[in-house]
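Going by the order they are written in, the chains are A, B and C; count residues from 1 in each one.
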C-alpha cells in the first residue's frame, strides 16, 4: 500500500465508523476531557479546543446508517440529516458527547436544537446564533457576547477556566489547520488528478473527528506524499460543486462526478474547516478576534446574509476563477431551504458571466448514481464542446 | 335471532361480517367493490348472511355423520340456483340490449345465437357446480364470461351474425346484471337447493328444517371503510376504519395492544386499550412510500406477480440496502442495483426491508410496539415482509407476540360488526 | 349588530347567507383601504415598504408616513382567491425548486405575472425592503430574491432566536442597536421624514390598547361553549393586529367592536360564527398547532365545525406576537419594546417553550385534543412537530392528531385524506370519552 493509500484508508475507516471510536478513545485516554458535537456549517471550534475538548463534527448518518427511529420525528418533506442525526442519538452512538452545538443554518437544524434538549436532557444543547449584521459595534458586539456565553458554558462543562491565553493558543492551532486545508484545496485545484475529490473529501471528514493537531499532521503528510506520487491525468473538465454545505452527499456521488469526467476543483462540503479566509488574530482579545474574522473575513454561504446586493454570488464567481473551473455543479440536498432558495440567485450571477452550470438534488443516502453520472458526464462533454467552439 | 352486521367498503373489495349475540362470527362475505358501493355492500352482506345460515346449519347438525358432505352439497346447490337465476337475468338483459339501429336486420340471428349460448350455459351449469369442480372465481362475471366467450363465436357463426354484435350485447348486459343485488330470500333459495338433494333422512331433515326456520333479524348494521360516506346509513351507523380496525384486531386477538395494517393505499399504526378502543393512531404521511402499492410497482417493474415477490425475497442470501422508498424512484433504484451486479433476490429482500422500515417509523410515531402486536392487511400475507418485521421488532422492542390472522382481510368488518353489537346492546 | 350578506346571486341553488358582524365589515374596509392606498401610492407620491408579519414594525413604519405592503398577506389573499397555484407554477418554471416555501413562490410568481393585487390593480414596487428576520430562515432568502427583482434599498433587522428559551439583555440591545443604526436611518432616508420618538410612543400606546381587547377575545374561548373559533375565526381576529394596522386608531376601534360582539355571544351562551352561520353544539375542544391551509380554508374549517369541533386556542394566532402571555407594546421604552416584541414571536421561541405553551393552552382551555396541521412549506413550524405531538400526548394524556397540507399550494391539500383522519380522530375522542366499554376480551 502506498503512503497516500494508507492515509486515505485511515480516513475511510474514520468516515465509516458510525460509533466514533476514535473520538471515544480520545476522550477515555485522559480524565476531564469533553467532546462537543457540532452540526454544519460553522461553530467557533477554538472555544472547545481551549476548554480541552474535542470538536466533533456530526454530519448525519450517511448512506450506511439505516434510519429506523429517526424517521418517526420528521415528515417526508424534510431533509434527511436531522433524521439520521436523531438516529445516531437514540441508538447511543453519541452517548459520549457532552454537548451539542446547533449553528444558525436553517429552521430545521434550529428546531433540532430544542428537540435535542427534550430528547437528550443530559447533554448540554446550545443553539449557536451568528450575526447577520456585519458592523463591529452592532453584530460584532452581539457575537462577542454570544461567544462569551458559549465560553462560560464550555468552561463549566470542562470544569476549568478558559483563559484568554488558552484561546489565543487554540486560535493559532486552528490557524495552522486552516492554512493546511487551504493548501490542500489549492493543491487539488492545480493538480486535481493527484488529489482526487473523494480523497480530499475523506481527509476533510477526518478533521471532523480527530483532534486538530492530529488532523494537521495528517494533512501535511498527505500533501507531502501525494505530491510525490505519479497518477494518470485524465482529460476531465473542471467544476466547482456547491450547495452541499450541510447534509453531505454520499461518497459514491462525489466519485461519480469525477468518474463522469469532472474534476472537482472547489466545493463547500465542510465549510467549517476553512470558514475564516485568513489567519485569525492570535493576539489581543480572542473573542473580538473571532468575531472580527466572522464579520469581515469569512466565506459566504446561503445561511449568511449578503448586505450588498452587488456582491451577491460574487464569491462563487471568485471560486470559479481562483480554481480555474469551467463550470459549476449545484448539488443540493433535497428539501434544503437555504441551498435551494439561494440557487436561482447564484445561477443568475453565473449566467451573467457566461459560466455554465447544472443542478441536481441528492440525499445523504441516495442510492441511484446513474442519473448523476449521466448529468455530470453530459456537462463535462458540453463544457469541452463550448471551449472548443 | 338477533344479528349484528359490519360492512367494510374498501377501495378494491367490500367485506361483511355477521355476529350473533355472543359476538361469535356467524358469517363472512367478500366481493369486489365495483363502481357501485351500494351493490357491493348488498352483495357482501348477502354472502355473509348466507355464511351465517350455513353456520346455523352446521350448529344444528353437530355430531351427525356426513354433515360436511351434506353441507357442501347444499352450498353447491345454492350456488347453482343463484347462478341459474343470474343466467336468466343475463339472458333477458342481453335480449333487451339487442335492439336499435345496429341490430337492424340481425334481430333473428342475434336472438337465435343468444338462445344457443344461454342453453349451453345452462347445460354446463351442473358440471360447474359438481362436487370437486374447480372454479377459478366465484364472481358471476368471471364464470358467465368465460363460458360466453367459449361458445359465443361458434354460435354467432352458426346464426350468421357478427360475434362483435354479441360481445357488445354481453358487455352492456353484464354491467347491469352484476350491479343488481341478489334477489330473493336466502332461506327460499336454500329450500330450493334442498329440493335438488332429494328426500332427506329424518335425522337430517328435522335439524335442517329447524335451522332454516330461524328468523334472522338484522338488528344493527355499521359501515366503515373508504366508501363509508356513500353508504345509505345514518351517520351514527358509520365508524372510521381506524376505529373498526383496532376493535377488529382486538376481537381476533384480545391481547392486542398495537395493530399494524399495511394495505395497498395506506399504512396504519394503531394503539388500542385493553377493550379494543383506539388510543392513538398514525397513518403514512402524504407520501405513499412504503405502502403495499410499492411492492406492486416492483412486481410490475420485474414483470412478475405480486405474490411471487415474497418467495423470491426468501431466497436472498443477503439484503441489499435500498435507500429509496419512493414508489416513483423504486424502479430506477432497482435497475441501478441490477446494473451494479446485485442479485435479484437480494435486491427484492432489500425492498421488503425498506417497506417495513417505513412501517417501523409510523409505528414509532404512534407510540411504538407493545405486546401483543397484530399485523393485518395484504402485506401481512407476504412472508418476506413478515420476516423483516419480526426481526426489526425484536431488535427494537424485544420479545413481542406477533399475531397474523389468515382472515385479516375481515378485520375492519369485524370491528364494525362489534360496534353494531355495542350500539344495539348499550 | 349583525348584517346578512348573501354570497350568491338570487336564484342560486341554495341561497346561503353569510353572517358578517360589524367588526368584519370594519376589517374589510381597513384591508381594502390599505390596498387602495398601495395601488395609488405612485400617483399620491407615497413611499412603500415591504415587510413580514412576524416581528413587523408597523408602529415604527407609521412614523415615516410610508405604506406597509406585506408579501405574506398577498400570498394568503391569492391563496384564498385560488390564484396561488398558477403563481407557484410560474415561479417553478423560472427555476425555483418544488421543495421550497410556496409563500415565496406565490409572491415571486405574482410579481412575474404583473404584480396585481387581490383586486386586480397593480401593486407598487417597494421603496424599501424591511427584512425583519424573525423566526423564519426563509424570510432572509425571500428578501434577497425580492431585492434581486426590485433593486431597491434593503434594511435587515436580525432578530436572534431564543435558543435557550429566554430573551437576554444582549439580544435586546442587539435589536435596538440595529433599529437605531440600520433601520431608522434607512427609513428616514427613503421617506424623507425625520424619526420622532414621541410619535412612536403614541403609536405604541394605541397598540397596547388594541392588544388588551384582543387578548380578552382570545381568552373568551375558555368559556364553554367557546364563543369563538380561535384558529379559523382567529385568523380574522389577528388580521389588524398582525399587519398594517397595529398602532392605528382603526385597530383600536376594530378590537372594541370585536370584543363587544364576542361579549354578546358569551352572554347569550352562543358558540362561534362559521361561514354557514352559528355553529352547532360544541362537541370537541381542540388546540391547533401550525398555520392553516389557505387554498381550501373553508372546506377545512367545515370538516371541523360539521363535527362540532371548535378550536379554543392556536399557535398560528401567535406568530405575530404572543400577547396572551402578558406582553404589551410599551410607550415607556419604545425601541426596547419593539425588540422584545420581535424576540417573543411564536416561531422565534425554541421547541421546549413552544411545547410548554401548548401544554398550558391544553390545560387552561380545557381542550379534548391537540391537532397539528403540518405545513410542507414551513419548516420553522413543522420541523419537530412529531416530537411535539408525543410530548403533548405524554404530558396531558389527551389524544393528538396529525394532518398535512400546505399554505397556498393547492396541489398539497387532499380533502379525502384529511377528512378521513379527522373523522377517525373525533370518533376516537368520542369512544374514549364514552368510557371503556368492555369488549369480549374483558
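We adopt the following convention: a contact is a pair of C-beta atoms (placed from the backbone, for glycine too) under 8 Å apart; a residue touches a chain by one contact, two chains touch by 3 or more.
This is a predicted model, so every value here is computed, not measured.
So with touch defined the way it is at the top, what topology do the chains form here? Options are line, ring, star, complete, other.
Per interface graph, the chains form a complete graph.
When the contacting C-beta pairs are counted for A-C and for A-B, which pair yields the higher total?
Pair with more contacting C-beta pairs, A-C versus A-B: A-C.
Mean of the CA atoms for each chain, then the mean for all of them together: which chain is nearest?
C
Using mean Cα positions as chain centres, tell me which chain lies farthest from chain C.
Most remote chain from chain C, centroid-wise, comes out as B.
With chain centres defined as C-alpha means, what is the inter-centre distance between chain B and chain C in Å?
Using C-alpha averages as centres, the distance is 48 Å.
Could you put a whole-Å number on the gap between the CA centroids of chain A and chain C?
36
Would you mind pulling out the distance in Å between where the CA atoms of chain A average out and where those of chain B do?
That gives a centre separation of 55 Å.
Taking each residue of chain B in turn, which ones touch at least two of the other chains?
Answer for chain B, listing residues that touch two or more other chains: 285-286, 365.
Counting only residues that touch at least two other chains, what does the list for chain A look like?
Those would be 72, 75, 77.
Among the residues of chain C, pick out those that touch two or more other chains and give their numbers.
Residues 376, 386, 404 of chain C each touch two or more of the other chains.
So in the complex, the part of chain A that touches chain B is made up of which residues?
For this pair, the touching residues of chain A are 63-64, 66-72, 75-77, 363, 365-371.
Over in the complex, which chain C residues touch chain B? Could you list them?
376, 386, 389-390, 393, 399-400, 402, 404, 412, 414, 416-417, 420-421, 423-424, 427-428, 431-432, 436-442
List the residues on chain C that touch chain A in their complex, please.
94-97, 99-101, 104, 133, 136-138, 140-142, 144-145, 147-148, 151, 154, 156, 158, 160-161, 163-165, 168, 170-171, 173-174, 177-178, 181-182, 350-355, 374, 376, 379-380, 382-387, 391, 404
Flag every residue of chain B that touches chain C in the complex, lowest number first.
23, 226, 239-243, 247, 250-251, 254-255, 273-283, 285-286, 365, 367, 418, 422, 426
What residues on chain A touch chain C, complex-wise?
These residues of chain A touch chain C: 72-75, 77-78, 82, 102, 104-108, 110-115, 117-119, 126-129, 131-133, 135, 137-139, 141-142, 145-146, 149, 302-303, 305-307, 309, 312, 334-338, 340-345, 347-348, 361.
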